[in-house]
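Heads up, the thing below is written out as structure tokens.
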Amino acid sequence: MIQFIVRRTLQAIPVIFLISVVSFVLMQQAPGGPQAAFNQNPHISPEQVDAWLRRWCLERNPDLLGTVREYLGWLGAYNCTGGGFVSDHGLPNFLPAFLGGGTNGVIHGDFGFSVVSGRPVLELILERLPATFILMGTAFVIWVTIAVVVGVLAAVKRYSFFDQAVTFIGYVLYSLPTFWLGLILIFIFGVELHLLPTQGIIAVRTSPAPFGTPQFWTAFAAKPLPLIQDIAGHLILPVVTLVAVSIAADSRFVRSAMLDTLSQDYVRTARAKGLPPRSVIFKHAFRNALLPILTNVALEIAFLFSGAIVTETIFSWPGMGRLYFEGVSGRDYFLLMGILLIGSLLVVVFNIIADVLYAVADPRIRY
Amino acid sequence: MTEELAGAIGSGPPGPDVLLEVRGLRTHFHVMDGTVPAVDGVDFRILRGRTLGVVGESGCGKSVTALTIMRLIDTPPGEIVAGEIWFDGRDLLRLSDEEMRKVRGNDIAMIFQEPMTSLNPVFTIGDQIAEAVRLHKRVSQREALNRAIETLSLVGIPLPERRVRQYPHEMSGGMRQRVMIAMALSCDPKLLIADEPTTALDVTIQAQILELIKEIQQRTGTALLLITHDLGVVAETVQDVAVMYAGKVVERGKVDQVLLDPKHPYTEGLLTSIPSHVARGQRLNVIKGTVPNPFRMPTGCRFEPRCPYAFEPCRSFEPPLELPYPASAADAGRLAACWRHVAADRRPGPSATSHVGFAVSQRIGS
Amino acid sequence: MATDGQAAAPVAAAADRGADSDVEVALESLGQWQLAWRRFKRHRLAMAGLAIFLLMIVVAIVGPIVAPYNPLNIPNSKIPGGEPPSLTHLFGTDDVGRDVFTMVINGARISLAIGGFSMLIAGFVGVAVGAISGYAGGIVDNVLMRVVDVLFAIPFLFVILVAARFFGQGQVIPLVLIFGLLSWPLIARLVRAQYLSLREADFVEAARAVGVGNMRITFRHILPNALGPVIVAMTLIMAGNIVLEAFVSFLNFGISPDQISWGNALSNAQPALSLGNWWWAFFPGMAIALTVIAINFVGDGLRDALDPRSHL
């Protein structure tokens, strides 16, 4: 098992590397960027710009080799303020700092800074993560629960009115553009009925400070209940939107997995033993259908981190999805690279977790 | 005994010697392209402790018959359209689902064709056998596991104490089929249904498993319904035989009656197409043509398009399943559905306008 | 399940459950595609979807010619905008008085073109790459599949940004190319997976046994069998890309505002909601939803018709 995990991790490194290289190059090619941001600011002198650029290993007009240096600088294998591949301690720069390596680049935990806000990327991400986890976590738990129940029932009652209704509604929900659904919900429940808050995670009058800031958490620790209540109210519309558009694919998946196992010979054997439908469905069939479902769920968790760009944008939810959208709009390269890298790492990690879960749940698989 | 075997198809429960009597059974499947009458008029009976072989080509409705007896037909697309299944004095088709569950696995147990896929891969062998025992016999998990070990050694599995903790994928196909048999026997059933139990196994294992089934049948005295496409298996394993063609029983009787002196041309065709029956150098006899399209069954005898003896009434009228005419003493208890073996004066002539067996493809209530 | 030579063309119509192994049916002389069409016709939702989809295509082609108003022409500024739906303006007007009905009709052209053409690109590239990957195996397969992995992971907003620099922002053809480029990996994976599973199939072994070459096996024996799932996946891609176009236009990375697509119409409508002018956003969104639902139902029907073993 350990060997398997190590092997899978090693296999993932080239893919992550490739993703980061391609993304880096793509961003290089995109219009705008840090220099454009600096150039527009009359308060920054060219010397200051040069110092900044060197600090972050960026060049004014990089050629191919320059791009490679920039990338390696971002990665942490190259040190632009010092001796290139060699750190200040005279050792290879990519080594961990305590072994005499450098301190710059993502492999040393330095994700760079946000061009737009001027703050460290990691700080921004950590500030936004809780909001995304609250939104995506709530929505995910709800849609997976409903999807499993509905999918299993639809498979058991295949071709029934219920099954057909679920299929029909599922297709309709699946086909709705997220942003349109969000706008309509805002219109109905916010603008017309004034029932629910439509923007943000917490009302300004409830919270002493913006969500995610240290002041907010201090206030939260002192008196959490009213804050939780307010957040819950703000959660309803974005969660409904996310659940509506996500549920169809998962319930379809569960239904399909259940149909596959329900048609297996061992289910017939279980029925031939005289087991009641309850045991046949939940013990014999569902226990086997759980294997693909677990894998699917584990993979979905990996994507929860990146948040929901559209939903968060429409509802002004201060999460990762909106951070990413802001990054794209502002050509905030280090921020985007940071989000992308952490996202890819999570996908890899959860892929491995999915495989391990599969092995735990299925006695046939031994690594 | 032989009179009992043939019996007259009447109403009400059959006599106490009869363990299972299937009357006029019809199971149809409603699929996208129409209705498939997979089982379309099946009649047979099994006496207590005796063995019946149901034989026929793939697609003739043997397996559906077995699943119908167990009431394991998925509805939809399947539907048991008509018939009675008298088992131990009760009509299984009239039992509630719950009553039927008490019969399944307890009074009637079934062994399937595919040992590789018929066991649940995520539970141990012991759990799977004990599950049925606990369900039907109301014993503790420990007692049920002991029973599992006991039946595993009964079917000749070495080191059963170890095997109960193993998963199906750790065993070979032959071993798994032994496990299936052990599972079927775990509740001492009155009837054991074996649906092509050896078809998926290696030839060398096939003989062992058949021998095991035969031996266990004799030792426990359970009745056996063996479904197979292999007349050789029938000849070696069972006492009585029913031959099925296109959803119907076309001939039945004791094994020596049917196999030594077939009355139905289809049985005859099956027998002469076995290579060992043909002398060296002689051409192997084959049944010409193919099984009829189930959406367009022939209106008369279903075998008529392929039958070398077909004559006037065969095209339009279904032959009744009855004692072949003329019958000798040796024919006692056997039945065949062929106009050639119906007395000439009872055959429908060209002038006859009533369509005797025409209601077949109609759905009869249910 | 028991299948021997007796049934000439066993159609697994009813045989998707263990119980009906005996009802495999010989349907004589009906071609694969005729059979599929017959099955498709029986899927009522799919037929309704097909009708709506064809209607949308007709609208996209002739709609702009017969549309009552010029979609971009801002009428006499003295007429106030934001009229609710009426007989003169079926779907109402936007804040500057443009007819929403005309916008929806004109938007069909770009939205459907982007969805349709990107689907075709994805289909061609995906089938080609998948077949090459499956056929060549080894290092070629490995490299191509890593490319697929990377393309799956690259965030498409980046790609659109970069493309905008080279092709100019908001043009239709670059968007079609990008969407096609981002969609083909799905098809490639599907074709390759089919290849891997069919490589061991009996009919392929039989072809190999009689000396059919690898190339011919790939393109004559395996590809036609993989076509069903590919066609179904292509409908999903088309539906997905129509939504994607609306989505990127909505985020202002898509079609430039001087052209009319459904996404653009919807994007323009965002402020309308707070004004209470629901029709302005509702109808373009409805057009997207209706088209996508129709395509998805067609896909569902195709799945039943072409890929009967799949439950998805």
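We call the chains A, B and C, going by the order they appear; numbering starts again at 1 in every chain.
We take it that contacts are C-beta pairs under 8 Å (C-beta built on N, C-alpha and C of every residue); 3 or more make two chains touch, one makes a residue touch a chain.
What you see is a predicted model, and the numbers here were worked out from it, not measured in a lab.
Visitor: Could you name the chain whose Cα mean is nearest to the mean of all protein Cα atoms here?
Guide: Closest chain centre to the overall C-alpha centroid: C.
Visitor: Counting C-beta pairs in contact, which chain pair has more, A-C or A-B?
Guide: A-C
Visitor: How many angstrom lie between the centres of chain B and chain C, each centre taken as the mean Cα position?
Guide: 49
Visitor: Using Cα averages as centroids, what's the distance between chain A and chain C in whole Å?
Guide: Centre separation, chain A to chain C: 26 Å.
Visitor: Hey, how far is the Cα centre of chain A from the one of chain B, in Å?
Guide: 57
Visitor: Note the residues in chain B that touch 2 or more other chains, in rising order.
Guide: In chain B, the residues touching two or more other chains are 72.
Visitor: Chain C: which residues touch two or more other chains?
Guide: Within chain C, the residues that touch at least two other chains are 17, 19.
Visitor: Mind pulling the residue numbers of chain A that touch at least two other chains?
Guide: 264-265, 268
Visitor: Mind listing the chain B positions that touch chain A in their complex?
Guide: Those residues of chain B that touch chain A are 70, 72, 76, 98, 101-106, 109-110, 112, 114, 117-123, 131-132, 135-136, 167, 169, 180, 183.
Visitor: Spell out the residues on chain C that touch chain A in their complex, using ranges where they run on.
Guide: 16-19, 45, 146, 149-150, 153-155, 157-159, 161-162, 164-166, 239, 243, 246-247, 250-251, 253, 266, 269-270, 273-274, 276, 278, 281-282, 285, 288-289, 292-293, 296-297, 300, 310-312
Visitor: Quick check on the complex: what are the chain A residues that touch chain C?
Guide: Residue positions touching the partner: 14-15, 18-19, 22-23, 26-27, 29-31, 167-168, 171-172, 174-180, 183-184, 186-187, 191-192, 252-253, 255-256, 259-260, 263-265, 268, 309-310, 313, 324-325, 328, 331, 336, 340, 344, 347.
Visitor: Which stretch or stretches of chain A touch chain B in the complex?
Guide: Those residues of chain A that touch chain B are 159, 264-266, 268-276, 284, 287-288, 361-364.
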